[in-house]
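As written, the chain order gives the labels A, B, C and D, with residue 1 at the start of each chain.
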Amino acid sequence: MAESFGVALLGAGRMGMEHARTLLGIVEARVLAVADPNLEAAEAARSLLRAERAYPEPLEALGHPGVEAVVIATPTETHARYIQAAAEAGKAIFCEKPVAKELGETRRVLEVVEHKGVPFQIGFQRRYDPAYLEAKRRIEAGEIGPVEQFIAVMRDPAPAPLDYLKTSGGIFVDQAIHDIDCARYLVGEVEAVHAWGAVRVDPRIGEIGDVDTTNLSLRFANGALGVIQNSRRAVYGYDVRTEVFGAKGKLVMDATPKTPLWRYGQGVQADHYHFFMDRFKEAYRLELTAFFQALREGRPPSPGPKDALEALRVALAATQSLKEGRVVRLEEVV
Amino acid sequence: MAESFGVALLGAGRMGMEHARTLLGIVEARVLAVADPNLEAAEAARSLLRAERAYPEPLEALGHPGVEAVVIATPTETHARYIQAAAEAGKAIFCEKPVAKELGETRRVLEVVEHKGVPFQIGFQRRYDPAYLEAKRRIEAGEIGPVEQFIAVMRDPAPAPLDYLKTSGGIFVDQAIHDIDCARYLVGEVEAVHAWGAVRVDPRIGEIGDVDTTNLSLRFANGALGVIQNSRRAVYGYDVRTEVFGAKGKLVMDATPKTPLWRYGQGVQADHYHFFMDRFKEAYRLELTAFFQALREGRPPSPGPKDALEALRVALAATQSLKEGRVVRLEEVV
Amino acid sequence: MAESFGVALLGAGRMGMEHARTLLGIVEARVLAVADPNLEAAEAARSLLRAERAYPEPLEALGHPGVEAVVIATPTETHARYIQAAAEAGKAIFCEKPVAKELGETRRVLEVVEHKGVPFQIGFQRRYDPAYLEAKRRIEAGEIGPVEQFIAVMRDPAPAPLDYLKTSGGIFVDQAIHDIDCARYLVGEVEAVHAWGAVRVDPRIGEIGDVDTTNLSLRFANGALGVIQNSRRAVYGYDVRTEVFGAKGKLVMDATPKTPLWRYGQGVQADHYHFFMDRFKEAYRLELTAFFQALREGRPPSPGPKDALEALRVALAATQSLKEGRVVRLEEVV
Amino acid sequence: MAESFGVALLGAGRMGMEHARTLLGIVEARVLAVADPNLEAAEAARSLLRAERAYPEPLEALGHPGVEAVVIATPTETHARYIQAAAEAGKAIFCEKPVAKELGETRRVLEVVEHKGVPFQIGFQRRYDPAYLEAKRRIEAGEIGPVEQFIAVMRDPAPAPLDYLKTSGGIFVDQAIHDIDCARYLVGEVEAVHAWGAVRVDPRIGEIGDVDTTNLSLRFANGALGVIQNSRRAVYGYDVRTEVFGAKGKLVMDATPKTPLWRYGQGVQADHYHFFMDRFKEAYRLELTAFFQALREGRPPSPGPKDALEALRVALAATQSLKEGRVVRLEEVV
C-alpha cells in the first residue's frame, strides 16, 4: 500500500466528528468521502476534512473512488452491515465497538473479515490511553510479576436514554465490555464468570429486563481473579479506575482530578471527569493513529477480530450468569 | 460503676503491649493485674503500667482484687475460654477478634456474655479509624445517599507463618473478617456470598487446604452489591482500600502514603504502610478509649456480640461458597 | 471580517508545527501561506495544512494574497521585525513571546501595533491552561477573597544550549517572564521586586553573565506579596507549580503526575512532565483558538500589547535588582 | 546517669499536658513533680502521671528530691528564668521555643547552660516529624544532591489573641522561626535575608507594629536560595509545606489531607489539618523521646543551644530587614 490512504468516514455524529478531528492530523489518512443520513452533519464533516464528497448513504461513501479504508462510527445496529460490505470490498476497517450484540452475527461478520484478509481494528480505545498503554508495557516487562488480582470500576455519570438501553444488549454487552476488554488486555483470557446485578438507579431499567448496578467476578485461565463493578450513574462524573495486582507490585490507573487545580477552602477539593470523551480524548486520537500506522507498516492493527469476539463472549457469559444465578464457564458460550 | 475501672490485661505480646501503652493514657482505666505465660513480658507490662501484680495465668489475673474489666489479647484459641470466665465473673470484656473460629463455640460463649449481661466489645479496630469513623458518619448523614456498591481490598505484606495459618480458620475467617465487619458497618447485613480463591503466593498454603488470593462477592439485604479482595502478600506493604458508592457520591478510604514526604527524582515517589499496627495505630487507641467511655457512661460498647457473630457467619458462608463452588445464602449458615 | 480568516504561519520549527496542528482544527483559520528559511520544513507544514504556498521568507508569506492574520513562531530576535511588518500591513497578529528583549524596541513595535489598531496577542500560553483559566475564574468570582500571597515555581528539565542563553536576555526575561505574566494575570500589577540569583547548575552560565537559580520577591500594587523561584535544571522534569493564597482560601496549580498511572512497588510512584509542550499542550491549542474567536467576534485578543510590555518591565526590574543588590520599584523601569 | 530519670514538668497547660501524655509512655522518664500556678491543672497532670507532688511554683518543683531533668512548657516570658535556674541546679533541660525574644537574654542564658554543661534541647519539634526526619536523612545521604532552593510555607488557621501578639516578638520571632530552624536543619546556615511584610489579615496587628503576611528571602552560606512565606490566617487550616530542591531531585513535605478519606460528590474532596498539635502530634512525641534517649546514652540532645540562638538571629535579621527595607546580613546581628 501507499504512504497515505483514501478514507471514507461513516457516521458524522458525536464520535464521527471526534474521529474527523483526529483524522485531520494523521498524515497517512486522506478522507475522501463522508457519509451520514443527516446530510448537514455529513457536509460539516466533509468541509472540516476538505473531503471530496458527502453522502447520505454509507454504502455509497464506501464505494467512492480511491477509498481504501473505512472508519465506522454509525449507530451500533448498523456496524455489522458496513463491516461486511467493507470487508467484501477489500477495505481496511476501523469500527467502533461492538461488531454486533449477538454472538452469531459477530462471528459471521468477522469470518468475512478474516476470509477477505482485510485489516480490522475494533474501537476499544482504552488500550490506547497513555496510562493503560504504559501499564501494559510494565506488565509485559514483568514489573509487577505474574498478575494475581484485577479490579475495574466504571460508572457512567448518568444512564443513556431508555430507548437506547432497550436495544443496547444489556449492561454487560454495552458497558462492561470495555472493562472486559481491559481485563483480557492486561491479565489474559477469562475462564469463568459470576455476575450479580441490581436495579438501583432507575426502576424503568428493570422493567426493560436490564440492571444498572453490577458486580462481575472473573476467573482467568492463568489463575488470576478479578472483579468488574459497573453502575449506570455516578453523580460526581465518569468514574474509571483499574487496578492490576501482581506478585511484585500493583498498578493503578485513575485519572482524578481532570483539572490539576486544587482549591483549599473547606478542606481541599478538585474536579472530576464527567464525560468519557474527555477522559479518553488522547486514547481516541492514539487508537486511530495506530490503525493507520499499522496499515502503513503492513501489520495487523490491534485490537482485532479476536478481541472483538472474545470480549463479547465474556459479556454474554456474564449476562447468562446474571439470569441463571450461577457461575458460567466461557466454554459454555458458543 | 465508678469513674475509673480496675483492669486486668490478659496477654503481653505485641498487641497486649500496644493496648498497654493505650491504657496508660486512659484515665478511666487503672490496670491492676497483667498476665502472660511469658512472665518476663508480663512483668515488663506491669512495670510500664505500674500495675499491682504480674501473673503467668490469665485466669488468676482475672480474679485479682478490684478487677472490673479485662482486656484480652491472648492467642486466638484461648479467647473463648477467657471471655467465658470473665463473663461468669461479671467483668466487662474487651477482646481481640475473633471470639472463636467455629460458629458453635462463638455462639455458646456469646450466650454466656448476654446471659450475664456484661459489657462486651470485639476488637474490630477499623471501625475506630478516623477515616472509617468519618465515613460512617457521612453515610448516616445521607451524604452519599443509599449505598449501592462496596469494594474492599486488604492485602498483607507477607503471609503469617505456616503454623499460624494451619489453625487460623482459613483466609476468610482470619483475614477477610475485618473487611466483612467493615461491610456490615458501612453498608448493612449480608444476604448472600460468592467466593473464589486461588493459591498464588505460596503452594504450601494450598497444601494445608487454604487459599491466599480471594475474590468475595457480597449481596446485601438492602440490595447493594460488593466485593472483598484479599491477598496474603503485597510487596509494597499493607494495602487497605475501601470504597463505598451511593446514589449521591462515593467515599474512599485509602491511607497512602504513610509519610507525607514526596520525592521527585525518577518521577514522583512516596512510601507506603507496611504494618497494620502502624496503619491503624490511632484506631487501636480509639477503640479502647471508646470501650472505657462506654463503661463509664453505662452504654453497651460497640462493636458487640452480634457484630462478632455475624461477621463470622459471613466468613463461614464465604468458606463454604469457596468449597462448594456456588452462591451461599447467609440463612444457610446456622 | 468574515467567518474565517486567511492565515500566514511564520516559522515551521517545533512551535510552528505545534501551531500548525492546532490550526488544522480551527474552522475560523484557513492557512494560505507558510514560511520558513528551511524550505523543507515550510513545505511539510504547507502539506499538512493544505496551504497554497510555502515561502522561505516570512515577509513574502505575509504578503500572500488573502492573508489577514499571521501566527509568528520564528526565532525570538525576528519577532519585532515581523510584528512591525504585519502591523503595518494591517494584519491581525499572534506572536510567540517575547516581542523583543529590550524595553525600547518592544515599546516601539507595540506602538505601531496600537497605532495601526490591529488585533495582537502575545503567546503567554499559560493563561489558557485549563487549570490557570479556572483559577482566574475563581479568583474573579471572589472564591479565595482578596489575594494576599503568590508562589510560582518553574524549573526547566535542563538548560537551553549556551548559544541560546547568550542572547536570551537573561533568566528573568527568558524564563521567569511566564511566571511574571502569571502573577500579573492572577494577582495584579507588580510594584517592586527584589531578586537574588546564583550559578548552581552550570558555571558557564555564570561566565556569560547570567544566573541559573533565582529567587524573585514581588510586591504587588494591591498589597499582596509573592515569590517566583526558577531554575534552569530539574532532573525530574519540567516543574511548574503556582499557588495563590487569599483571605478565603488558596488555589494550587500543579500537574503531577503526567500519566494517571500509579505503580506500587517500592512505595508508590508516578511519572512527571518532562517537556513544557506536553504540559501545556492544551494551553497552546486553546490560546490560538481564542485568538481566532476574538477575531471573529471583533474583540481584542488577550493577553495583548500591555501584557507583553508590563511582563517585560517586571523582568527587567528583576534583572536590575539582581545586578544592583537592592529593591527596584517598577516606576524606575522606563 | 541511670536508666531512668526523675523529671519535673513545668507547666500543665495545653502543651504541658501534651508532654505529660508523652512522658507516660517514655520508660526513661519518671515524672516526680509537676508545677503550674493553676494548681488544679498541676494536680490533674500529677494524677495522670502518678507523680509525687504538684507545686504552684516551678522553681520549687525543680528542687523536688530526685529531679534530674526538667521539661519546660510554661509561658514564653518565663523560659529564660527557668532554664537558668535549672542549669544552675545541674538539671538536664528540655524547653519549648524560644529561650527568649531578645538576643542578649538568649545568649546570656545559653551561656549558663554551656558553662554548667547540662544537656539542653529546644522544642523545634518539626525536626522530629517523620517527614522532615526522613527528608533530612535523604539529604544527608545525597539523594537530592547539593541543595539549591528552599521554599517553606506556614500559615496559621487564625491569629493568636492580640494580647499575645503584642508580646510575641513579632511574626518572624514568633512564627517564622520554625521555618527558619527548618531551613537551617535541611539546608544550612543563612547568610543574608530580605523581608517584606504586609498587614492583610487584621489592621490591629499593624497598629501594634507587627505584620501578618510575610515574604522572607534567604541566601544561604552554601549558595542556596530560599523563601519563607507566613500568614497569620488560613481559612482552610494549618498550612505547612516545605520544598527542598537540589541538583538531583526535590523533596516535598506536605501533609494533606489530615484524614485519608476522599469524598466524591462535587468533584473530589478531603479535609485539612486545622491545628498544629494535630499535624505535629507524632513530632511532639518523638522529640521528647529523643531527649530522654540522648540523656540515657550520654549524648547531647538536638536541636541544642546553638540552634536556639541561630534561628533567633535569622528571625531578628528578618525583623530588621523589614524595618529598614534592605538586605540584612547575618553578621550584622550581634
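Descriptive notes on the structure:
Simple rule for what comes next: a residue touches a chain if its C-beta (ideal position, glycine included) is under 8 Å from a C-beta of that chain, and two chains touch if they have at least 3 such contacts.
Keep in mind that this is a model prediction, so the values were computed, not measured.
More inter-chain C-beta contacts link the pair A-C than the other of A-D and A-C. Taking the CA centroid of chain D as reference, the farthest chain centroid is that of A.
Of the chain pairs listed in B-D, A-B or B-C, the one whose interface repeats that of C-D (more than half of its contact pairs identical by residue number) is A-B.
Distance between chain A and chain D, defined via averaged C-alpha coordinates, is recorded as 57 Å. Chain A and chain B, compared by their mean Cα positions, are separated by 42 Å. In this assembly, the C-alpha centroid of chain A lies 38 Å from the C-alpha centroid of chain C. Looking at chain A, residues 234-236, 239, 248-250, 256, 264-265 sit in touch with two or more other chains.
The touching residues of chain A, counted against chain C in their complex, run 21, 24-25, 27, 48, 50, 130-131, 134-135, 138, 143-144, 248-256, 259-265. Contacts from chain A toward chain D in the complex involve residues 234-237, 239, 256-257, 264-272. Across the interface of their complex, chain B is touched by residues 146, 148-149, 151, 153, 155, 194, 196-198, 200-201, 213-215, 217-219, 223-227, 229, 231, 233-236, 239, 243, 245, 247-250, 325-327 of chain A.
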